[in-house]
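Quick notes on the structure that follows.
Each chain gets a letter, A, B, C, D, E and F, in the order it is written, and its residues are counted from 1.
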Amino acid sequence: MEQILTLAGNNLLSPIILSFALGVAASLARSDLSVPEAAAKALSIYLLFAIGFKGGVSVAAHGIDVKLGLSLLAGVILSAVLPLVAFALLNVITGLSRLDAAAVAAHYGSISIVTFVAATSVLESSGIASEGYMVAVAAAMEAPAILSALWLISRGGDGRRMDSDLWREILLNGSIVLLVGAFLIGWVTGEEGLEEISSFIVAPFKGVLCLFLLDMGLVAGRGLRNGGGVLRPGVLAFGVLMPLIGSAFGLGTGLLLVLSPGGVVLMMVLSASASYIAVPAAMRVALPEANPSIYLTLSLGVTFPFNLTLGIPLYVAVATALTGG
Amino acid sequence: MQTHQAKRVEITIEAIMQSRLTDALKKAGVTGFTVLPVLGGSGRSGAWTRSGEIGRAAGMVQVICIIRPERLNGLLDAAFAVVEKHIGVVSVVDCEVLRAERF
Amino acid sequence: MQTHQAKRVEITIEAIMQSRLTDALKKAGVTGFTVLPVLGGSGRSGAWTRSGEIGRAAGMVQVICIIRPERLNGLLDAAFAVVEKHIGVVSVVDCEVLRAERF
Amino acid sequence: MQTHQAKRVEITIEAIMQSRLTDALKKAGVTGFTVLPVLGGSGRSGAWTRSGEIGRAAGMVQVICIIRPERLNGLLDAAFAVVEKHIGVVSVVDCEVLRAERF
Amino acid sequence: MEQILTLAGNNLLSPIILSFALGVAASLARSDLSVPEAAAKALSIYLLFAIGFKGGVSVAAHGIDVKLGLSLLAGVILSAVLPLVAFALLNVITGLSRLDAAAVAAHYGSISIVTFVAATSVLESSGIASEGYMVAVAAAMEAPAILSALWLISRGGDGRRMDSDLWREILLNGSIVLLVGAFLIGWVTGEEGLEEISSFIVAPFKGVLCLFLLDMGLVAGRGLRNGGGVLRPGVLAFGVLMPLIGSAFGLGTGLLLVLSPGGVVLMMVLSASASYIAVPAAMRVALPEANPSIYLTLSLGVTFPFNLTLGIPLYVAVATALTGG
Amino acid sequence: MEQILTLAGNNLLSPIILSFALGVAASLARSDLSVPEAAAKALSIYLLFAIGFKGGVSVAAHGIDVKLGLSLLAGVILSAVLPLVAFALLNVITGLSRLDAAAVAAHYGSISIVTFVAATSVLESSGIASEGYMVAVAAAMEAPAILSALWLISRGGDGRRMDSDLWREILLNGSIVLLVGAFLIGWVTGEEGLEEISSFIVAPFKGVLCLFLLDMGLVAGRGLRNGGGVLRPGVLAFGVLMPLIGSAFGLGTGLLLVLSPGGVVLMMVLSASASYIAVPAAMRVALPEANPSIYLTLSLGVTFPFNLTLGIPLYVAVATALTGG
């Protein structure tokens, strides 16, 4: 318990979290502080490239693990199953319409790559090892949740067709392609490749993450200010409950696969986190009638900060306790 | 300077729907269009701005299409089929153009 | 395709005045507008461009507002009160819109 | 609110030709214009988009010019001389403006 | 004297100043070289974050000084008083209208954070220590000058109301919020926080500053080309005289507070420098009839380069001579 | 031969080339991955500044060489002559119109700075020295080719006037000004200046290059997808033949000037590479009727990747063999 609190305390007072808090505070106070869209996108490209590359290099270093395939499979299944759990929970504790509930559910099956990045940076600071291929698992978990959600809707008699454009958009969306591409490049070029560019993708990484989280804080704060009204207590509770439930699924999966302590943490984090890039875009195309304020505010304004501040330390504590890591 | 009657159609639509809209326009025989970026806006579904956004869910674009009057109906039908379930605004203005052979 | 008469108002105004303008429009009952970025321009107060600028003093935006004809006067009064002492241009065009129930 | 008849001229032209166009407009007595960025488009010479481009060869801008009706012909002549050999679209719309003394 | 000349020479031939000169030259020669707006804003966010953070860390390291409060207070007073001095000087040596003079005066009470940054980088190269909290003083000096200028106008019978929106905009403008926020983050996380992100905010700092000054040179050169005509000799003279007068006020204040040699230099630099971000925006809202060409060209095209090239070495020489630093 | 293959293999599997390949692949698969225009421009500003600066520092370190002037002159002549060769070749092996052929020819006389940068980074990895002033030669080769192309057209009886605006635009285009300006700054500030900013312009350089090439891959792939249809077999063959011919000219020149092995390589690379920034813009102004799809797709979609992957290793092998380097 004390360990959790120390870790949570350290975590809360890290430059990364405080930068996020600064962004939220500036937004809520209606400061005109803003990061240009192009700069925010550039930061996200940098982070995806760096995290993917480093994951690939780590796989190159440790060799292919038989667990890689199993973990990918497990990720796909988790991503497909969690929306069903989320949908059921939403039906019980909120009064959301079928459409809105399905849209929200899709977000919680998918993942937030920044939450993943923040967790890897906590693991590094704490000296806890993890599998490099968890980055690939993250990529694998982005899309299946969308299919589950659309299936939930079509089950309700509402005949949605997935046009082939949407398929391509989901599977080849920029963040998946960049993450997987950088992962493969890292894998192919290995330690040698990393050495060539490590002063770009390793050394300044945490600092870039601070600026990125400043931006995410600004956007999240704006969302809370504009769309906070749609979050009834039940919906709000879901935003905190669902990551805990998700992380339990992730924990079970991680233990079952006998992942390293860090790998278990990351599996928990992926399961607990909610998408705010790929899934919202897909929902706008496939379920345009669902209210974006609800899913965006919930994912970015509630679950993301929860995982970032309290969730990650908790998952680390639980995983290390149970794996003896 | 000789000018010719035409219609200027302006479609404000979600950025994620842009390619679907322009594909539909092309199918309806539209030979050209111009896409303008949109910074932000407000409507029944609330206010929004692109600043700091990294996702594509929240942005809009403006597709501007100058066409011969006789093509207007085909274009509007095509546009409507795409925007129908989506947020967005379609407006048409009478205009004069130079070099009418281009439209 | 059924269209309806409306007015398209285009207000080019300094970026720093944007929120004041849109607040005034909302008070005047305007239900929606779209904001376009402006790259640069020229007028009596000289030429300008956004390139390389970090401050907010030098930029403009274009606020586009499509409304029912009967609301035009209220909107223009509201807009005028804001732009009166400021640089900027207000123009109005007759247009046709789809889905008139939205305006 | 008192408004005045004017013309709104919209010239979509390659970015590299912008300064040549605006110089020609100024020579034709145009006192003001606004330049909008263009994200992409499509026409007889194919589709294009600015995303990821670093060169200036591939982009376009929209120059918007509001003028008194009697100045339209001079403007169109000036614009035509510049766009003649280049890709681009010139359209004119009737509009009403506030503060006519500015044009 | 020789020392001043050497310092000025070194300063003039630093990559930072030469980058600025390159920008000005390119603009005057009407090259199409330009930095995208989004990139320029991103650079300024980086610089504000870095300088604020480092200031906070330095306060964390040296502990709170009783002088911190006094320095902040002195900054506020300087910022409020200097516009009155500037206004008087403008009335004597220029024929500017009351409105234009007040608008210009507001700029000279406020500060230029890049001038401040350039000065800290000269201090570092010369191994002269300064108080970390001078960053907070910089933030405190941004806004009061605006109020003084509006008071000057209202005294002239012109009843201006400060609407509450404008208040908020001035006090919570992006650069103040980011500077103060990063300062607090640096303070809270201290040396440990700095270590985590120093390869982002310390190592590449000067290089980023070069690119930023390239952009400022481009913008300043464009201003001189377009708006140089409005600068009558009297106005031009003001652009060089006023920083000297301001720096004398800063010198007196710094000596009175018994700041370190570097602290005195920075107080001089803050007093000598003129705003070109926060104040111009406020003036467009509050005094729209004042001519922006005058205050922008004067601040960015005359006083900024003067301080950058000759001012800073002069202030360093005077301050070190008088403090025996 | 084996050496070429090893070098080519190493080169093909470097993070830089793989990043380009990722971009091309993503574009061809119609992923929505994209780098914002402002970010791409910012990356190119960084690269031009860094490469210019480092070139200048290297000249400062090794002193002015009598060959500097000769090399500049040779560069100007190569840039002016190569379009004539290219034009003749185009007339023989393609059915392009006079206008299109002249426009394409202009591109192959001028240079691609990223190809140059990629080559210097291969030279560095292989420990092969080169003259720092080759950067200045690169700048000198940007423009003359445009004049040759216009001369070719006017010879054909088509009376084109170069307006003075176009002259200024070509000679003072942003990339030339930045490259030359940074070169001069590096020259003036020397090793000392480099030390101040090397953790910005040296350490992260290769990593930034990766992201830039990712973007170039995206743009090249898009060009191939949209404009690939215009590339008849003859035109395609030209895109691979011409760099080989150009490199032979560069080789002869480099040997004649008795440049270092690396210098010969760079002279070959400059002669072999084709412009895709300065020349296309000039062609749009001066020869608007020429089809941009042809010259852009050929230069960026064919010749650039050819040089990047196979060309550079080949030029290195030939140059080192012939200079005994």
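Some observations on this one:
Convention: a contact is a pair of C-beta atoms (placed from the backbone, for glycine too) under 8 Å apart; a residue touches a chain by one contact, two chains touch by 3 or more.
Because the structure is a prediction, the values reported are computed rather than measured.
Common neighbours of chain A and chain F (chains touching each): E.
Per-chain CA centroids place chain B at a distance of 45 Å from chain E.
Computed from the mean C-alpha positions, the centre of chain A lies at a distance of 41 Å from the centre of chain E.
With centres defined as mean CA coordinates, chain D is found 18 Å away from chain C. The multi-chain contact residues of chain C, meaning those touching 2 or more other chains, are 36-37, 49, 56, 93-94. Shared interface positions of chain E, i.e. residues touching 2 or more other chains, are given as 32, 34-39, 41-42, 169, 199, 203-204. In this structure, the chains touch in the following pairs: A-B, A-E, A-F, B-C, B-D, C-D, C-E, D-F, E-F. Those residues of chain E lying in contact with chain F across their complex are 13-15, 18-19, 22, 25-26, 29-39, 42, 125, 199, 203-208, 210-211, 214. Within the complex formed with chain C, the residues of chain B that make contact are 10, 12, 36-44, 49, 60, 62, 73, 76-77, 79-80, 83, 89-94.
Here chain B touches chain A in the complex through residues 14, 16-17, 19-20, 45-58, 85-87, going by the rule given at the top. Note for the complex: chain C touches chain B at residues 1, 3, 6, 8, 22, 26, 31-37, 61, 66, 93-99, 102. Touching chain C in their complex are the following residues of chain E: 34-37, 40-41, 43-44, 165, 169, 215, 218-219, 222, 226-227, 276-278, 280-281, 283-285, 288-289, 291-293, 296.
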